[in-house]
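All remarks here apply to the structure that follows.
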Amino acid sequence: MNSADRAATSFEGAGLRFPRRDGSRVPFSAFSSPEVYALEQERIFRGPVWSFLGLEAEIPKPGDFKRTYIGDTPVVMTRAEDGSLVAWVNRCAHRGAEICRLPRGNATAHTCVYHQWSYDAKGNLLSIPFRRGSKNMTGMPEDFDLAKHGLQRLRVDSYKGLVFATFSASVCGLTDYIGPEMGPYVDRIFHKPVVYLGCTRQYSNSNWKLYFENVKDPYHASLLHLFHTTFNIFRVGMRAKCLADSAQGLHSVVLAIAQDNLGAEAYQQQNIRSYDDKFTLEDHSILGLIPEYDEITTNHIQTIFPQLVIQQIHNTLAARQLLPKGPDHFELIFHFFGYEDDTEELRNLRIKQANLAGPAGYISMEDTEATELVQRGIVGSESNSSVLEMARSAPDEQHSLISENLVRRFWRGYQNLMGFKSEEDGGA
Amino acid sequence: MNSADRAATSFEGAGLRFPRRDGSRVPFSAFSSPEVYALEQERIFRGPVWSFLGLEAEIPKPGDFKRTYIGDTPVVMTRAEDGSLVAWVNRCAHRGAEICRLPRGNATAHTCVYHQWSYDAKGNLLSIPFRRGSKNMTGMPEDFDLAKHGLQRLRVDSYKGLVFATFSASVCGLTDYIGPEMGPYVDRIFHKPVVYLGCTRQYSNSNWKLYFENVKDPYHASLLHLFHTTFNIFRVGMRAKCLADSAQGLHSVVLAIAQDNLGAEAYQQQNIRSYDDKFTLEDHSILGLIPEYDEITTNHIQTIFPQLVIQQIHNTLAARQLLPKGPDHFELIFHFFGYEDDTEELRNLRIKQANLAGPAGYISMEDTEATELVQRGIVGSESNSSVLEMARSAPDEQHSLISENLVRRFWRGYQNLMGFKSEEDGGA
Amino acid sequence: MNSADRAATSFEGAGLRFPRRDGSRVPFSAFSSPEVYALEQERIFRGPVWSFLGLEAEIPKPGDFKRTYIGDTPVVMTRAEDGSLVAWVNRCAHRGAEICRLPRGNATAHTCVYHQWSYDAKGNLLSIPFRRGSKNMTGMPEDFDLAKHGLQRLRVDSYKGLVFATFSASVCGLTDYIGPEMGPYVDRIFHKPVVYLGCTRQYSNSNWKLYFENVKDPYHASLLHLFHTTFNIFRVGMRAKCLADSAQGLHSVVLAIAQDNLGAEAYQQQNIRSYDDKFTLEDHSILGLIPEYDEITTNHIQTIFPQLVIQQIHNTLAARQLLPKGPDHFELIFHFFGYEDDTEELRNLRIKQANLAGPAGYISMEDTEATELVQRGIVGSESNSSVLEMARSAPDEQHSLISENLVRRFWRGYQNLMGFKSEEDGGA
Amino acid sequence: MMSRVEEALLRLDLMALQDRYVATLDDDRLEEWPGMFTETCRYEIIARENEEAGLPAPLVYCDNVRMLRDRVVSLRRANIYERPAYRHFLSGFACKRVEEGSFEMSCNYVVVNTSLRGESQIYQAGKYFDLVVDTPQGLRFASKRVVYDTSRVQTLLAFPI
Amino acid sequence: MMSRVEEALLRLDLMALQDRYVATLDDDRLEEWPGMFTETCRYEIIARENEEAGLPAPLVYCDNVRMLRDRVVSLRRANIYERPAYRHFLSGFACKRVEEGSFEMSCNYVVVNTSLRGESQIYQAGKYFDLVVDTPQGLRFASKRVVYDTSRVQTLLAFPI
Amino acid sequence: MMSRVEEALLRLDLMALQDRYVATLDDDRLEEWPGMFTETCRYEIIARENEEAGLPAPLVYCDNVRMLRDRVVSLRRANIYERPAYRHFLSGFACKRVEEGSFEMSCNYVVVNTSLRGESQIYQAGKYFDLVVDTPQGLRFASKRVVYDTSRVQTLLAFPI
């Protein structure tokens, strides 16, 4: 028996009903209910999605491995001796111990410490100590078949160096999953080999979907993050692009497009423009922007549901991995990277601009503050709903940052995956 | 869907049955069950009661605000520009973020940090950034009505400077809620303007109702709190009064009446009387009692269900605010106050006597120790009950401290509010 | 109403099904489900088992007491004035406070601090303050019978100085409970008076049954604990004995039998034998083995379900007390002891060999590491099962350490106690 | 250099006083605690939220050493509480001479407490603001104001900080 | 003995610098913080996991004192976060002279933070690796590398460590 | 003044020894740890509940330095555990000379440990009771008794305290 099953049962009766069909009202219990959370593990994370595990650049050599998660389930991504990517549940086929005990490392065989069952990098069971017994001792039954007791392997694939895995045998291939709308934007960032620069981790006391809403919500950007405004940096002529995938609407990309190639100097010159007060940056290099793509954007924020957010902010690049940790917590891992052919100047700029994004980032630290404000604000109001109306009358508008279209689109896709009806549809 | 609803459903089937009709047996699961707790949020804290929020003296000026709770729900009490008292749920009408982020302050408008929706002190939605869009950007739908998206306002009223609020549209007015029995005793303490002196907070690993039992239980006073006895202070001729309201029996007052006007000197002279040993206070001023009411009491402990305990102990005055924090935790806030016309001597005495009550108080620190002993003692005995028999045969006795009448009366009122049947009534 | 009752109800519908009848597949939710845990409290710990509380040597004198637990329920074991052993639930018959507030001590009467109800060591209610009232104050009802309001006493018995108690009126006597197979092995260690040497406590983030599996699993010993191997200590000619009781199969003993009387010197001489590398102990005394039983064993590990593991490792002796603390935690208390007639040399060796076992023990510290690896490994795999196949084809083999027979036997007994069906039996 | 040495010795003496103070409490030698204060001392534990708001409500307030001794007797004889197992830790020490034989001293503190069931938790963090005077009996606290951050006092406060 | 005294005084001076440093942060005197660094300083907060793997990704990275001042202005004027109530504690202090007027110094730190609702928690533990130089204005940090163990940053990091 | 200086230098030397001790453990330089003890040293970790009851059961007990070295080899080669990331913090330092070249020293300790998943927790609090002797190689521990309050050892204890 399985706790998700039980939750499912209770939900078949009770149901989480969304007041409207268009995703514009989200019942707050979606963010706090343990039953919803358990069901998400089954229907989303162990269901028909591809979950981001990490970058190929994290495990460049055969045997390199990294421990991570799909939803709550511990998994390992590794590179087999033949160079192929592999992922398996980090649970010994014998009695269930975590096999891989280090966050990262290199090994072509993995031996469980408990009874030393040993597996190859692909998760095949290689050997069992005393399998044939010893002297008068019996060992494993004759019919015990090593081949049937490997680790639980996942379908794994990589797209331009991004590694994904799925528990689902039926979900479409990864490229189709990313889809024709999102593909080109992933390609934009991952068009050439990347180098891993390390990660920072952030732990938030709020539901993982609040973060998903956040990165699909360009409306908050200039209102919550006041860094640019405070330092009187006008982003003149900023154009935007906001797209969702047409399949489920769970992926999306938000671009802020610079009209000119603005370098640090250009920003500096803007100091003559000012608001009410006179704050200026003493060191402008942090806002430098060395052009490196056909279309120059200050921000490229792209979600590939459910565990990935691709980030380009000026010249700092990161793949953010989103991991749910119970109904009211999530972990967010910023995997920073550069390109193999970075100049030293560009690489240094990427590192300096890590000050912009990440747990201490000038224009990102407020995001977890905001999601936690929601998590605390909704306590006692579980039967109320949020109100997502911005640009609701213009669902096809794609050039506006003043919009909650992507968020509403997300909730429609979520309802669909979870099997949650809308009251407008007579949802039970 | 709402977790309380679900709990309600499960209770409709299961029910928390009280063995007896007279409140003399309380099933221990009342203190530990998460389902009971969730149902209390609905039927008590969001139901037909007035919950104490604080003193008017905490928010004397227009715009002054304080963040607090009704049950689990975050609320803000504030004073509007017209001087009126207001209370609203601290949850943005947009996506649910806590709007008010500081424990206390002064503001006549409250702007949510997430998307800067802005509200006046009365909770009316004043403005939404980009409501009308901008250039090619659409903004909110035409029919979006600011007036329909204010904060969730609560009925609020104050009685003699004590501020209360309720979610209920149907509960009677505050004065009637306090009732004719309790009113005069509230008036006794709040007969003239008070000054706020600050607060101390205590966090206990026990159920909030254990504290409610405690303050309705004069029987424990001389048995648990040994300060007076230890220092050989006889409270000769102490008379008592123990009353509940006649409506629900959820409020009550316990008075310990001094026969004479005993000042510190009088206490000092009592040192000649002694028990077995020879402990005496070196500094007696802590037990001084400057007469300031018609009837001189050393203790006046009054509960106004569910969040208030009024305390006068010698000359130290406090409004204790009781906040449930899950089935096995509560927070208790001692709001100390004096009168505007205090002499310096009297004010100093109030502050010195804060040593008597509060988290470190000589005659109060044991109360949370006791409630935690119960919380730990009942684990594994959830199907057993407490036994409340003291003075059970004298339910109308009001002059005895040796009595559990108020506690039994409380449980009958609680059962009534919660819809919990008694086994004697064939409760399911 | 009682949370276990509720859980029981929900399980009557849902059921925890074991895939096979022979105990060789254990669903992982047995280790993580809160419902299973609640049901264990009822069906095991408050059911027909004898739970180990401690050693008589911990409470040698009349009035000596120790606070401990049976499952989640706080209990006290004490010695009455007449020298008899007593155990009662540590919950005041009045309002449920823990009466005994110290871990250990000596008292022939126990007074609850809350209202000073006072009990004798046998749990009889001796006195209630103001029982008869006072002056005009009524006191307890006339018909209140002290004799009916004592503490909840448990059946208690001791076997060779080991103290056990049970909530069950119907379970067989202690000697029969231990049974004819296990008795001789308990006698082996407890054949003469013991002296208490103190305890160490370990707290693990894993389910209590994972520890039970661990001590019934000789298969892991040489594979998980690498101390001997690393230091090139060959345990030549080690013979083994692995037995379960024939009644329920929940108790067991594992012996590792030394062929010769190996003292420290003998071990030292073995240094000439070596593996690949050259690690040797600088101080060999830690592996000394002063012969003290007819049959010389290096290890004697015996479980008496559900709270006791008897340990003899070389000359260090301990009674390990296993206390569940929620579905994913347990506490393990190593009660070290020696014999009254120990020579100083032997006593010192016992203390030195405490380095081998206990929370920091050279050959035991890995056990909680392993159980925690399992607890983490199974998250998200609650519907999968462990695979216990070692020596499955030789269920009667008793001389092999390479076996999971005792573990499978345990799970069959557990299923029986808990009323959990097997899928092979068409379990619902 | 002499004055640098004198200054260092003063600093070390004051730090040693603070070390003795916390060891006295942590070793449960409460009876020695009042002796570290002057007769007319002030000892106060107050929440930072009150302190910053200029509000006087204290957790503990003593305006002479007799009140400290009374507290010790009450704690030993009258009050009921689980015996604490405090461990104080100090850092960020600062001191300055305010006049001859009179010194201001401040530092962070955190009290780790261990419950009877053996779990260690942060019980309280805050900052000491002290006035120390040189007396014939050695350095004594003329005032010790304990301003605590941890406004939610867990269960109760019995022992001094 | 003189050299032992000199050495002791140096050690005390460096410890006092570290004490002043943490008191500056814990007292929320952020504006004074950049003044404890040299103009060309390096200030970096980096996860131990990156440091040990030789990976450069920082949590905060400043390569001159102007960036420190920018951070203070941003924290005061631009960023939105719950005001921290840090208390730093230090231990395991080590120092050595690397050349005339230039010293390496390291120590453990733990930051206890108290939330607005009054709970104190361990926010971050790690180790400082500092380079201190003697300047006409006194001892200044030429480099302060904060290598933190607590890789899961709770909610966000606003104030420096 | 000279004697005051001598006394201060002794105190500083002993504190520096304790600082080096904890830095050795916190930096995971276990191999250097036995070298801080004398050949015939005693090293013991024992629960305060046993200590106060006069019961001898230890968590770790070594009666010579070879046992310390054995423990290091076992930890490095044999035992399986999650590598700790200890940070020790010390306070409430006291010392006194018991005879020429022999000193008693005690202080509070708390060990903050960070798990592999990046959470820092209080692992253990307690008090050190040390006997230090002056040897030709410098100050060495003749005895270090670690009396811990945190009687519930979380998971296991591998590294020394």
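What to note about this one:
Labels A, B, C, D, E and F are assigned to the chains in the order they are written; within every chain, residues are numbered from 1.
Criterion: a residue touches a chain if its C-beta (ideal position, glycine included) is under 8 Å from a C-beta of that chain, and two chains touch if they have at least 3 such contacts.
What you are looking at is a predicted structure, and each value in this text was computed from that prediction instead of being measured.
Shared contact partners of chain E and chain F comprise A, D. The minimum number of touch steps linking chain B to chain C comes to 1. Across the two interfaces under comparison, A-E and C-D, the one joined by more C-beta contacts turns out to be A-E. Centre-to-centre separation of chain C and chain F, using mean CA positions: 32 Å.
Computed centre separation for the pair chain C/chain E is 48 angstrom, with centres defined by C-alpha atoms. Between the CA-based centres of chain A and chain B the separation comes to 44 Å, rounded to the whole angstrom. Under the contact definition stated at the top, the residues of chain B that touch 2 or more other chains are 101, 103, 113, 201, 203, 224, 366, 369-370. In chain F, the positions touching at least two other chains are 5, 8, 12, 80, 82, 89-90, 118, 122, 151-152. Going by the touch rule set out above, the chain pairs that meet are A-B, A-C, A-E, A-F, B-C, B-D, B-E, C-D, C-F, D-E, D-F, E-F. Every residue of chain B that touches chain A in the complex is listed here, in rising order: 1-6, 9, 41, 45-46, 70-74, 89-99, 101, 113-116, 129-130, 133-134, 136-142, 144, 149, 152. Chain contact summary for the complex, chain F toward chain E: residues 5, 8-9, 12, 16, 19-20, 22-23, 26, 85, 87-90, 112, 114, 117-122. Contacts from chain E toward chain B in the complex involve residues 80, 82, 116, 118.
On the chain A side of its complex with chain F, the touching residues are 101-103, 113, 201, 203.
Within the complex formed with chain C, the chain F residues making contact are 45, 47, 49-50, 53, 55-64, 66-67, 69-70, 73-74, 77-82, 151-158.
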